[in-house]
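Attaching a single structure in structure tokens format; questions to follow.
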Amino acid sequence: MSGLTHFDGEGRAVMVDVGGKDITQRRAVAEARVVMQPETLALIRSGGAKKGDVLGVARLAGIMGAKRTADLIPLCHPLALDKVTLDLTPEGDASIRIEATVACTGRTGVEMEALTAASVAALTVYDMCKAVDRSMRIEGLRLLEKEGGRSGRWSAA
Amino acid sequence: MSGLTHFDGEGRAVMVDVGGKDITQRRAVAEARVVMQPETLALIRSGGAKKGDVLGVARLAGIMGAKRTADLIPLCHPLALDKVTLDLTPEGDASIRIEATVACTGRTGVEMEALTAASVAALTVYDMCKAVDRSMRIEGLRLLEKEGGRSGRWSAA
Amino acid sequence: MSGLTHFDGEGRAVMVDVGGKDITQRRAVAEARVVMQPETLALIRSGGAKKGDVLGVARLAGIMGAKRTADLIPLCHPLALDKVTLDLTPEGDASIRIEATVACTGRTGVEMEALTAASVAALTVYDMCKAVDRSMRIEGLRLLEKEGGRSGRWSAA
Amino acid sequence: MSGLTHFDGEGRAVMVDVGGKDITQRRAVAEARVVMQPETLALIRSGGAKKGDVLGVARLAGIMGAKRTADLIPLCHPLALDKVTLDLTPEGDASIRIEATVACTGRTGVEMEALTAASVAALTVYDMCKAVDRSMRIEGLRLLEKEGGRSGRWSAA
Amino acid sequence: MSGLTHFDGEGRAVMVDVGGKDITQRRAVAEARVVMQPETLALIRSGGAKKGDVLGVARLAGIMGAKRTADLIPLCHPLALDKVTLDLTPEGDASIRIEATVACTGRTGVEMEALTAASVAALTVYDMCKAVDRSMRIEGLRLLEKEGGRSGRWSAA
Amino acid sequence: MSGLTHFDGEGRAVMVDVGGKDITQRRAVAEARVVMQPETLALIRSGGAKKGDVLGVARLAGIMGAKRTADLIPLCHPLALDKVTLDLTPEGDASIRIEATVACTGRTGVEMEALTAASVAALTVYDMCKAVDRSMRIEGLRLLEKEGGRSGRWSAA
């Protein structure tokens, strides 16, 4: 296991130089789950256009969140994103699964953008439902796959 | 279980009116865990000032993230925060526990600020260690307690 | 007609001192119209939850835009908003009317926040429909009413 | 008339994938008018360097606003802009015409940047003059022309 | 000399709790100088409304910069500012003096806002003149005075 | 000495067109000094991981500040940065020297990004130490060298 790339030889945080990397098409997919009470999920399901579209608001927040990644994560490079999509799907009777896909054509990967998008979408679900269920939890936020760049394709086990 | 407060009677998203609420001291505590390979945690532990202070960078990112909450979460009210602190503590041999505490004197609670702070700190740990461990997961992001406002004190079970 | 308050005696732009003003409940309502081809409005109407909720996305953009007002308008004071709501309503067969209401408890009014909210919502409608109708126009963006503060209530003629 | 490109087949908002589009020089021009009382325009005209340069402040706000477009418009791609210029010209005795030109070298057009620039400049004129004229209106915000990209050149009728 | 207030007993960075502090009127004044070649200052002086108002642009940038202080300085509290003014004055034949005054009614001081305003104004002068004079220097950025809060009035020696 | 490039022939501020410039590797180095009382520097030196890492926090703030340059400096082009590093080194017994290096592959230089990074790092040192030393000064903020682009390499005398 090599060292941490975000520090120099003296242990100082740096935004690493990507100037010598190739410009390639890069893509990353991240997921998360919001675990809640069954009554909360029922309320979300009954919403949609009539009573309030929790998943639609969270999807938009996630897309906008992806664009703020370099503002939030100190050593992330600012990137011109090509694409951001989010799926929010009820799963079982007490969970919403969030999947975020981000693509760019650039010198560095978009893993953090995908993870940030999923995270902001999950936080927005929490915000919109917290009046009825404060004990919701966000679980399993992780990278599912990435491709592009020197390290090529990677998928979660 | 009552309805979702972030929608009006027609199901339209709104930033709810808090103008009639009392100004009280409000406080919220959130936690999250970053689960990783033991080698990754060992690398973080060996860091500190000499090889690179992952937890120090993540702590700062979390504090700054708390201040961006209303930019990220669509229906959150902008708030003048009184205090933000983050603790990041290795736990066992393969996990870092993050605890974020936020306080304000205002008309609405700071749950989202505490959750956002913990989330951004966790994402920053991921960013700084992803070159050595892409399979890290963020687990158990949740509210631990809140106080202040009409609903008073609440603690997670 | 008195002079412009955003300049000092030498004609220099200033963020005027509101420190001596009373804290009162303030409210402002603004409106705008997006004028389009009848086919475009028909497409928006047929959308909603199934084909894509243009008005829902624009509403959310307007709410978030209200929070960015002091970032955009150079001499605006940053304000902790109490409430932001937006209504977007088809009007006739070729127009959408947008009404934004913003409230705060503070030392200065929220006219600019209401106008910015309506403006960002209108621009978002344009963005979402521009692939089918580039000739849309945003018309009649104006303040409808304001209340609170020394100057009291004002309504558009 | 085809469908709305900012939604997928299920009606979910997406930031569409521009990764396959060519990088070309793109340019867009937008205009708006701020309609006011003749006394207000007279006050602005008498300003300039001595009493306060309303148009200069608004021009700068428009330029900076163009750079915030992707923060404001949910499904806009972040872009590295090559150029932003704004002209603000008194027109007749009760109106200011604003024209914004934006250029970039990229995979997607800059219509929204030009419209946002014109819109923020117009809102800034309102802000600076609202103490003397609350009934100003922003009218005719529209795209005048665009070029670059697959759809080529387009001009307003 | 006591310890640094922005760290806790373990040396961890914190946004300190100001919740127990009194709300008072606070004010801070900062200054800086941009030192340049005489020809550069002559060019700025000859500008104004006709050839380009360097000082007007820098003034506006400083005012807007004051509003971004809490975004830039990690442990700064977000504050609702009451007032921001900037004076930029040619001094001698090769220097511009910048003075920034910021006021708020709140629980913590506005020193950082005044210093940030002066700093952003000075950087903007540099940006606008760098094509003719790359060797400009920003000197003597410092706090001139502050008042309000428990520590009362302070003036630079 | 030629004219100021950030104004057009009528003296209006513009974001100049860089669309015709070549994409080259660009790099800039800036420096600044924070001058303080010897006791303040002693306190910073005794800090590090145990009592609080002032220089580590300031370094991170500088890196993040570089990414906000186009938000702060009105006529700066937004850029995708390749690299940002900051060194903060105690110098003598009463000063910290800050050196910021920024690189990008683009159509315009990164002088402003390097100067902004150094400036935000210096302001953060001030913020973290102001409770013990209000009279600190930021001195000698200037460009040390730049390379890339048509004008080639430049070094401060």
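Going by the order they are written in, the chains are A, B, C, D, E and F; count residues from 1 in each one.
In the analysis below, contacts are C-beta pairs under 8 Å (C-beta built on N, C-alpha and C of every residue); 3 or more make two chains touch, one makes a residue touch a chain.
In this text the structure is predicted, and so the values were computed from the model without any measurement.
Undergrad: Touching both chain D and chain E: give me those chains, sorted by label.
TA: In this structure, the chains that contact chain E and also chain D are C, F.
Undergrad: Is the contact between chain A and chain F built from the same residue numbers on each copy (over half shared) or from different ones (under half shared)?
TA: different
Undergrad: Give the chain pair, either B-F or B-C, that is connected by more C-beta contacts.
TA: Contact tally favours B-C.
Undergrad: Centre-to-centre on C-alpha atoms, which chain is most distant from chain E?
TA: Result for max centroid distance from chain E is chain A.
Undergrad: Mind checking the centre-to-centre distance between chain C and chain D? Centres are C-alpha means, answer in whole Å.
TA: Measuring from centre to centre gives 15 Å for this pair.
Undergrad: Could you state the distance in Å from the CA-based centre of chain B to that of chain D?
TA: That pair's centroid distance is 36 Å.
Undergrad: Identify all positions of chain A at which a residue touches two or more other chains, and write them in rising order.
TA: 12-13, 48-49, 53, 56-57, 60, 64, 68, 71, 74-75, 79-80
Undergrad: Tell me the shape of the graph of touching chains, choosing from line, ring, star, complete and other.
TA: other
Undergrad: Pairwise, which chains touch?
TA: Those chain pairs which touch are A-B, A-C, A-D, A-F, B-C, B-E, B-F, C-D, C-E, D-E, D-F, E-F.
Undergrad: For the complex, give me every residue of chain B touching chain E.
TA: 25, 56, 59-60, 63-64, 66-68, 79-87, 103-105
Undergrad: List the residues on chain E that touch chain F in their complex, please.
TA: 1-7, 11-13, 32, 39-40, 43, 47-54, 57, 60-61, 64-65, 68, 71-76, 111-112, 115-116, 119-120, 122-124, 126-132, 134-143, 146, 154, 156-157
Undergrad: Within the complex, which stretch of chain C touches chain E?
TA: By the definition above, chain C touches chain E via 8, 12-19, 70-71, 74-75, 77-80, 106-107.
Undergrad: What part of chain E is in contact with chain D in the complex they form?
TA: Residue list for chain E touching chain D: 48-49, 53, 56-57, 60, 64.
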